[in-house]
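I've put the structures underneath this note.
In what comes next, chain A is part of two complexes: it sits with chain B in the first one and with chain C in the second one.
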Partner chain A sequence: MEYELTNTRFNQYLLAFNKHLLETTVLDSSDSHPGDKQSQSLFSFTNSTVKTVAQEKKYVLNQIKVRHPESPNRSLLVTFTISYDDFFTCPVFYFRIFEEVEIENETKSRALLTIEDMDESFQHLLGIHSEIRKFTNISFDSHHMSPTSDIWMYLHPCDTKDVMRSFKMFHRNTSEEQQVLDYFTLWYNTFGMGALFPRLCLRIKPTALS
Partner chain B sequence: MCADQLIDIKDKLWNGSINIKLEYVIGEKTFDYIFVAWRLSYFSLYFEQIARHFEYFEDGISKRPFWLQHDKHPVEWHLPIGLLYDTLSSSQNVKKTKGNAWKLQLKTSEYPMDKLIPFLKHKPDGTIDFEHETKQCIVNRLKQSCFVLNGSSKKIMQLSERDSNDLWTAIRAHDLSLFSSINHKIIPRESEIQRIPFVIYVPGYPLLQVPAPLNTNERLTLGDILSRSEVISKINSQSIQWVPFVHGLNIECMLNVDILTVWYLFRYLDNFIYLSITLKL
Partner chain C sequence: MSSSSPPKFNYINSFVDTSFFATLADLKLNKLKLDSSRIRIKGYSSHPNILTKFNDSPIINFDYSSFDSAEHSDHGNNIDWYGYIYNTNTIEEFKNIDKQKMLRKWGEEILENIQQLDSTEDYASFNQVFALTFSDLKKFKFYYWFAFPSIHSPWIQVGEVNHVSPEVQSMIRYEVSNTAFKQFFQLTNDYQLVSGKLHPNFNTFAFVDICNNQNLTTSSQLKNYLYFLALRDFKSINIISYKADGPSVQFQLKLADNFNKNELPKIQGWERSAHGKLGPKLADVGALSDPKRLAEQAVDLNLRLMKWRIAPELNLDDIKKKKVLLLGAGTLGSYVSRTLLGWGVRNFTFVDNGRVSYSNPVRQPLYFFKDCYAENGKGEWKALQAAKALKEIFPDVQAKGEIMEIPMIGHPVDSSDGNAKESFARLCSLFETHDVVFLLTDSRESRWLPTVLGQSYNKTVINAALGFDSYLVMRHGNVQKEDFDAQRLGCYYCSDVVAPEDSLSDRTLDQMCTVTRPGVASIASSLAVELYVSLIQRASFETSKGQSSSLFDEVPHQIRGFLHNFSSMKLHNLNYKHCSACSHAVLSNFRESGWDFVKNCMNDTKYLEDICGLSQVQREAEMASQSALNDLSLDELGLDDNEDFSEWIS
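And then the complex of A and B:
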């Protein structure tokens, strides 16, 4: 494999990758062991859809809710998409994060728009110091798959291709499906959720180990 | 097309402008601000002067986020003004005054965060730093087009600090000579161009990212690029007629022109070509 993901391969294996993502994502906070029962009960996927739009392009729209360990009325809602950028020829991670507080059956929601906001909210809302990478390049733009041009945050993919090329984890002897799923997994943990949550990590296991 | 004609057309496009009339309602009174905006510029680069004007009528407006609205549609300040005018006018809803100005409303409450990029930085005096977000957006687009043209964003990432500052100054001040001298360092020689960055807007569809390959053996035309799009094919199959617009010009007559010439002529400040398709329904 030439360490590049084409739009065709992206479309072909997106559903399988998303299934893997839903099945193997673990929550690893400082106070729990990844994958243990207590840790897993703190988060859930509240929505997951694979959509097809113009030009036969597919993308995933997922939503994860992370609850406060001791106050279930406080939570963090992360909506994210995984789509293929035809200009940078690689996957791109768009997201929106809200902190939610439920008081007397009324949910108050606040959008988190900066790294400082997210850090503060994790500390305040979840009691966890997030240690989001300060160098993470978060930008805003119209979502390239939205017909109504809604604004989302995204991790700028200008160096994704170079970094993905530099990884040496791809094995020539494995099947194409396995190679693409490995690419997806590595990308997701580096330029997807893993770039946002290095400590409060919603990571997926490498497919080779599953 | 000879070099002189190219320069003449590019000069005309660079100097293209639109008359804007802003209306701001305070209480029961409506206040206006009329100005001329470059087609190739961005509304957010005018926000500081707009805020200064309305400060005469309402204290503190420059410390709060505001935005422009066309009918009920928030105007996306991160897109070129000419493109916004062309795409909104394609719905034939452009409101013009007698003086042929584009009429927009200024709004100050309930900033539509899901439709417009927020302004998050303030200056030391508490006023909003409109330039900070604008610069980030435009630089991101330049990185994107640089990647498409060169196969990597290195050329723009490796500009010297002075060149980077000059590039931004040129965009902000609408200085063609300074802009060309720096932009020249980002764009590869013709023989080294990998792909051409096209963005196509079709009403009702997500924007189409079209990195058009530059095949040296057989140069693709604008018509080739459009006919390869599945969205355009779908529209053709429904027998719907359409017209391609760029910079307010109907370029139907250029469908047989090669894409490199089209790009040299019509690229925007961020080196993209934004083509809007108007459907004749």
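And then the complex of A and C:
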């Protein structure tokens, strides 16, 4: 595989990658080992769908729910999509963050647009710190797959291709599928969830690092 | 696992993307308005082929496409579920509406539908979706409650729950993968899956689940099919609950004797919360939908990027919270305010006494042609219009205008002092309530009183002044903040040996300060703002002098620029002890006498010169030049005394 991912290959392997993502996402708690049971029990996938829009544009939408470590009625919802950007010819990560609280018989969710608005416990749990923010270029726009104007945050794909190229990891005699999945995994940890919430990352398979 | 109790079900949850609300809001504003009749909607769930074990509970998704009338939009991936949304007009209606009655009505609709059917082929008739909503379009808050009505029939689970054989699993998988989606099949004795007319002799049925729950429970959508079977006189049945990527199971159900098909059945289906409670949801998506909040966030984000990437020490809050007083809402005022907006400044007050004239809009970017003839041809007041324009550019701005003439030195006030005194008092209170003052007026003398007030009220003062092809941008030294007065930087007037006087009366057109090369104003304005920002980002005001440094490196005292040769220079001069505006003599007189002192100065600049010592300086200068002249004795020129040269010497 070249260092680039075409839309066709993206479509072809997106679901396989998403399955891998659902299976291998861990919450790496700072106070314990990765995948530690206690922090693992604080998050779960609450939705995962795939949608195809015009001209064979396929994308997945997932939602992760992170429960507040102390307050059982509160949680953080991270909704994100993985889609393909035609201009930058690479995957792109769109996301939204909501804080949800269940009070009496009403469930209230509130969309957040800045990491500073997040409850500190969540910031701590998800490993947010100023150093990360410095390198993360978050932009706002409507979703490029949606006709409506409501806002998503996204990690601008302007650097993606160059950085993915620099990883120089695709010259191995692995199958095309494995190469694409390795690409997806590295991309996701660098320009996807890994850039946003570094502790909510994918465990990288040893093959991707060899 | 063995039991003889009613079967347990997984209840459906909705997943509502913000684009659903955005589309609903748009419909409400442009089409429905106050019409609260129901609208057809659809949701989708993942096709069983692509479910993974993480699709643990049945979820129906709603987004912008929920309002599309086109059917089956995304065949391969998703299954559409149809129904209706009721959008109420008030929150009271949403809260007070009889939810039980509503659900019953919806359930009966499904009931009537399936009573007509003789097969289970049309999955969409069996399970419909309903939503009750209220849209608060001002705050972008959406109250909503979904219902997936299920009709109760009294089945008892008997015997064990078994895993299905791989053969049956693959047979169903084949059917699900290769034909249009159907959810419920009858299994014939020769192991054929059929979905046509029910055959009374075959009592095994396969239900295709839309989730892959690992605990062997089936989603509640099965219930309406069970009711249908009860209606069709099935008493004992085997159910295969097929899960594409999970444990498909088989179990037996027996219908309780008390089932009466003529009785209205119990109907359930309001969505429950994560903790299993019945209640509506509230989505506050203002942050994603309200253009004002988006602008606010985007402006801040742009600045934060600068902080994160370039200048981590940058104190953006400090810039943002400062209240800025702009004296003059002309060319300089327009450009300075716009550049300050870029820095995230939110609080502005413009002071100006003029109206927008026809020559203004091309040079003054806060005004437009229409502003010139507003108010019956008089034109808008500049101060008010400038404030309005800033708010139009960025709604989060707090901007106001003060129509007022700044009392000017050398422009005598009449004996009643009326207007001038009032203006003086207003100006004082404006100084008191702002943090920084920009001097952007079109004359020298209008800057004198603000210079004095800036010192007296201990404010940061930035001054920008234009010539035809030159400019001056400077910050005034601050008498209250400097420990060593000898080191204090000068003000606009510190280089003068005369007090400012009327320069406006009898001025010809080409002497007006607006006769400048058009680019000069924006250059000077930009420098003024950048000088200000550098100044307030200094580590310590007290210890920095002249060419002191800030986060952005140097903070010069003055920048003078010249367009005739495109050069600029940084100057640094200390205060002048006889300055007509910032000397101690002037400031202490102002402190003691206030308006009376100002009035005297306005009426007679000589009075001011006497106070600050400039008169004395002038006298000394005159004496010095006289003595220089005397030294330049005519004798030494070797000329004849008799010849009269006095005429050309003087």
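Definition applied: the second predicted complex is superposed on the first by the 178 of 210 C-alpha atoms of A that agree within 3 Å, B and C clash if a C-alpha of one lies under 4 Å from a C-alpha of the other, contacts with A are read in each partner's own complex, and residues count from 1 in each chain.
By definition in this document, a residue touches a chain if its C-beta (ideal position, glycine included) is under 8 Å from a C-beta of that chain, and two chains touch if they have at least 3 such contacts.
From a predicted model like this one, the values you see are computed outputs, not experimental measurements.
K.L.:
Both complexes share chain A, so when I overlay them there, do chain B and chain C fit or clash?
P.N.:
On the shared chain A, the partners clash.
K.L.:
Could you look at A:Cys158 and tell me whether it touches chain B, chain C, both or neither (first, second, both, neither)?
P.N.:
first
K.L.:
For A:His144, is the partner it touches chain B (first), chain C (second), both, or none of the two (neither)?
P.N.:
first
K.L.:
On the A-aligned overlay, A:Leu113 touches which partner chain: chain B = first, chain C = second, or both, or neither?
P.N.:
both
K.L.:
Identify the partner contact of A:Asp85: answer first if only chain B is touched, second if only chain C is, both if each is, neither if none is.
P.N.:
Touch status of A:Asp85: first partner only.
K.L.:
Quick check on the superposed pair: does A:Glu56 touch chain B, chain C, both, or neither? Answer first, second, both or neither.
P.N.:
first
K.L.:
With both complexes overlaid on chain A, does A:Thr24 touch chain B (first), chain C (second), both or neither?
P.N.:
The answer is neither, since A:Thr24 touches no partner chain.
K.L.:
Please tell me which partner, chain B or chain C, touches more residues of chain A.
P.N.:
C
K.L.:
Contact-wise, after the overlay, does A:Asn7 reach chain B, chain C, both or neither (first, second, both, neither)?
P.N.:
neither
K.L.:
Tell me which region of chain B runs into chain C after superposition, given the options 75-83, 111-119, 147-155 or 273-281.
P.N.:
Answer for the clashing stretch of chain B: 111-119.
K.L.:
What residues on chain A does chain C touch that chain B touches too?
P.N.:
111, 113-114, 140, 143, 146-151
K.L.:
Which positions of chain A touch chain C when the two form their complex?
P.N.:
Counting only chain A, the residues touching chain C are 15, 19, 22-23, 45-52, 58, 61, 63, 73, 75, 79, 96, 98, 102, 104-114, 130, 133-135, 137-138, 140, 143, 146-152.
K.L.:
Could you list, by residue number, the parts of chain B that touch chain A in their complex?
P.N.:
So the residues of chain B touching chain A come out as 76, 78, 113-118, 120, 133, 136-137, 140, 143-145, 147-148, 152-153, 157, 197, 202, 204-211, 229-231.
K.L.:
State the interface residues of chain C toward chain A in the complex, per the touch definition above.
P.N.:
15, 17-19, 21-23, 26, 44-46, 50, 52, 54-55, 59, 61, 63-64, 74, 76-78, 273-275, 277-289, 293-294, 297-298, 300-301, 304-305, 308-309, 312
K.L.:
Residue numbers of chain A touching chain B in their complex, please.
P.N.:
53-56, 85-89, 111, 113-114, 139-151, 156, 158-159, 161-162
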